[in-house]
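Look for chain A in each of the two complexes below; its partner is chain B in the first and chain C in the second.
Up next is the complex of A and B:
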């Protein structure tokens, strides 16, 4: 009798769940808008595309997408999707900040999510990452792997966010080898700096000419050139945002993962299940929002000592024993 | 000299055939990537003219193109090819932003005329250097104005990065203008009359563009200086013989041209973005060349051509929304085909048509 009750109960529950799900499918229209650089940048935008795709495959829900061509289209794209009843609308990129402020206020019943930027409105979820923590770990790996004691960093657009990557990286390098030297370059001061692989490659070459043998990039599409240059010279690159180890197997030491895909996936999923929460969320090492990638393409590059030291540091950062300075707290970096 | 083509054929028939050809070839391109060209065309037209939302965006883009089209047209009447609309409008954006940032605590009725002056002065100023180099030194204006587009882009990046952007912020943009420098958007104007239309960036500067078109017509065809500009454009030697000073004409035509290009910043910087962003011109300076060519450098023609390009821009964006499998580069291709057919391949249609009309005339005579 008891068993029967449970079974019936479970069946009813299942039935209502599938019903709710089916209902959700009919008018659940999520949308994602990519930033300049396009959805196949192998990095930041691609991560958000993958998150949306994973959600779409798991729950069999179609999603709308748009690749902007210019800054002026940000507001148009947001408004266009909101007007057509798409909900939630997820955008990846700090540059959407002011467009989001305008449009989200116009559509208070639509849920929005923005990644890498904080927009303080009751229907907007702002997701930021502790990139400095992940960068700290790959910085340690770079310093331990380097034979010359010199490592490089190539940033995309020169903005506080990218300096935050650089600052975490330098702190990691110095933690593993206080005498190590770090060369830093930024690709440019405009959005074009996210998609300039040629210049990225040249900057990496310049750093390698000065003796760097591991180069980390935080430059979106520009980073393809950085990794290519490192591989061509037989040196090591470090990828960013997505797992880029596969791009040049054996020549990419690791990738600093920034789980933009998880942020997009969660925003879609929470909204579908009716659990969407607005507000400010920070994803760090503790939340698996950032991390480093080890797979079959780079496992031979990482020794057990390195692995142990990095895992140790990771645990200490999570527990608070190691404090990694966040550049954006005070717009300055204690290490250089 | 007797015209080989009747005016209606020159003004209506040739552009119509050109547009038709362009859409035909664009349709073939769409067909090649496996999409339905009729559906794509329908989306473009429905998306740009089918709702108050679409019309608003179409007219917003058209406003930009009217200004830059007029700019090219005025210079063209003096036989000067001003390729620098992009840079002039960009620098004018800085002028408009500086005015707006200064007076945005007042009222838009005060801010608008000041911003118009700011945009016109900065735009004309940026055109003045190539104009002077052409007038005094004979440096070819096509080369110098193209170069000045790049200098303008670099200058704006420098100013935004070092002086104008909000300290500590990541986006390359100034702070938003306060209430006092926000000109009425079209949906606000409509609500004054009790009508309700969708929110779009279209704003009061659309009427400014129409007014500018009328003033350009007055200037070129109904004023003494306009006569001198046209005479100079027809034949420099004859104009000089008639006592027209080339330096003066080149300077006046180019300053007017730069000022007109600069006025589009009212539409984008002051009207739509309400702040100075990095790329506020969006290629409108170059589209203006095609608009002026297609519009035969006449204000009415410029307005019509600007509307067509507004439809292309807004329709193209709709196409990207509705059929994501059509890549954005393909939309650029479609827009480029229209420019190609209306701008440079015009004679392909004109010569056969002229022959046809000659034969017809001979038949009737």
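Up next is the complex of A and C:
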């Protein structure tokens, strides 16, 4: 009988111990929801996955994740995650805007973060990037690398965010070579424009036929057609969002990096430390939120002079000596 | 606009028209035999996916230690492209047989079966793609061995000196990929099969009056199945073109982007005739090329907005079908399942 009692007691103790342990972890349950591309899209979503993974490894905290399969799942996934007590919940992608507005209002005690979109609620952190600054730098590189003095830009869907990329790029090109010519094309005006690599390739080909020898894309899945067309023609492409240099080594001049991983990592970390702030958060060159990629695939393409000029411009943008116009401030671009 | 620019535009036209042409001729075979097919889009999509998936597996080099999301392939050489095309055609023919089974053997409604094919392809490609490659429905970038690259025809540079014709030959005709030429060659071939062979006569006959064909002792169902399979083969080539011969170099979800439906419109525009199909597809290709090249056109008085340019092919479709081409009479028995005895 005694033995039994001890056993039961021990079991109960063990039980409560595990429970307490589980509770300790359950207090902090970060979650991330990916956009339609999926977490291994080698771009935007993969970057958010990497940020979450880095956090998880550093602090030994599990995070929950979900890959949506259709537009209808956005709100569903957000609400489910919030109901299950996950906190904070980070979503990547401007398309989550309306779902976030609904769900975040329903769960005022949960912290949310949304990337690339502004949602004005007291429990939502909206992270946006100064893409125009990063685009300015790659624009300078494009202009310095170009032998014809003509460079191209292929955008995805024609929305102000993409115009912001284009505008920064053009300003960078003109800063390095005032006589340079920039061809700009947008793939389309609907969501399908993010996923039409056939057309992206044709647009890049058209620009290269006109003489462009460096083509920058900000077009999501459409961009693979742009980079492929540039590589096929022996010209140079410029990647976007995450490091795409490895896609066609030697034919991708650089990639404009958007550190979505930093945004996810920060949201998790701030929340764990109790420092989570809602509101507007801008990541620019100064915060290392945007930048350009140099690795073994493209280091031979970038000369010392280019590197120096770009680093110089970067320092000047950070210090405020160079002002890069943001298209979204007034929906117009001074350079074209 | 100078001549070089015009020739660039025509070159783009040819490339954009080719997938339309394949799908249009595919629909021609099927509808001439009395099987309406609005599943061209789905069949092309399935073929684009199958060829990209097999092309990626066959063409990518084997890796000892792939990181998540990276694919270790079999590293085949030129057979990779062949395998990929066969896989694309296979997937498309499978879809076509499904459509045939529903509409010939089971005598179902051909439009509904066609819609089902489109949905099936849209969903299945992404589902299988996510399972196999974990790239959000995309396939990895295809290596060069499993792609169709540009071919420079003989004498292209030699003949360039001849005014007008020389640059046309060098810039428009030469320098396209193999499937563009296959597509162009399919037009006379289709004409010959349909109008100069016994098989073609019977195929057209089952689309007009299957009762008469049956009376003559010819198996209507078999004839229609043959047409549906031919349709599958051509749609398969169209799909392979999208994933293997364009700069897409792989599959992305919904990458056909409505080309199957444009082809269907071109088919009606062409009144179910092969040579007219070629001109209709070239016209749609030209419009698409113009909308891509001149995103906003300044015509002096005002600027035509980019939205209008991009809607142009669709507006034209409506205008054309609203009666500009005269009466388009479909094959008489089209859409009607053949019932031997009541």
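What we mean here is this: the second predicted complex is superposed on the first by the 310 of 336 C-alpha atoms of A that agree within 3 Å, B and C clash if a C-alpha of one lies under 4 Å from a C-alpha of the other, contacts with A are read in each partner's own complex, and residues count from 1 in each chain.
Here is the rule we go by: contacts are C-beta pairs under 8 Å (C-beta built on N, C-alpha and C of every residue); 3 or more make two chains touch, one makes a residue touch a chain.
Source: prediction; values computed, not measured.
Once chain A of one complex is fitted onto chain A of the other, the partner contacts of A:331 are limited to chain B, with no touch recorded for chain C. Looking at the shared chain after the overlay, A:256 reaches neither chain B nor chain C.
Once chain A of one complex is fitted onto chain A of the other, the partner contacts of A:189 extend to both chain B and chain C. In the overlay built on the shared chain, the residue A:106 is in contact with chain B alone; chain C does not reach it. When the two structures are aligned on the shared chain, A:78 is found in touch with neither chain B nor chain C.
Among chain B and chain C, the chain that touches a larger number of residues in chain A is C. Legend: residue contacts after superposition of the two complexes on their common chain; A:238 is shown touching neither chain B nor chain C. Judged by the touch definition given at the top, the superposed model places A:52 against neither chain B nor chain C. By the touch criterion defined above, A:65 reaches chain B but does not reach chain C. Residue overlap on chain A between its contacts with chain B in one complex and with chain C in the other: 67, 69, 189. Residues of chain C that touch chain A in their complex: 8, 12, 15-16, 68-69, 126, 130, 134-138, 141, 149-150, 242, 246-250, 252-255, 257, 289, 292-293, 295, 306-307, 310. Contact residues of chain B toward chain A in the complex are 53, 57, 157, 161, 168, 170-173, 176, 198-199, 201, 268, 272-273, 275, 277-280, 282, 317, 320-321, 324, 328. Within the complex formed with chain B, the chain A residues making contact are 64-67, 69-73, 75-77, 79-80, 83, 94-95, 97-98, 106, 117, 159-161, 189-191, 331.
The touching residues of chain A, counted against chain C in their complex, run 36-42, 45-46, 67, 69, 158, 185-186, 188-189, 192, 195-206, 209-210, 221, 224-226, 228-229, 232, 247.
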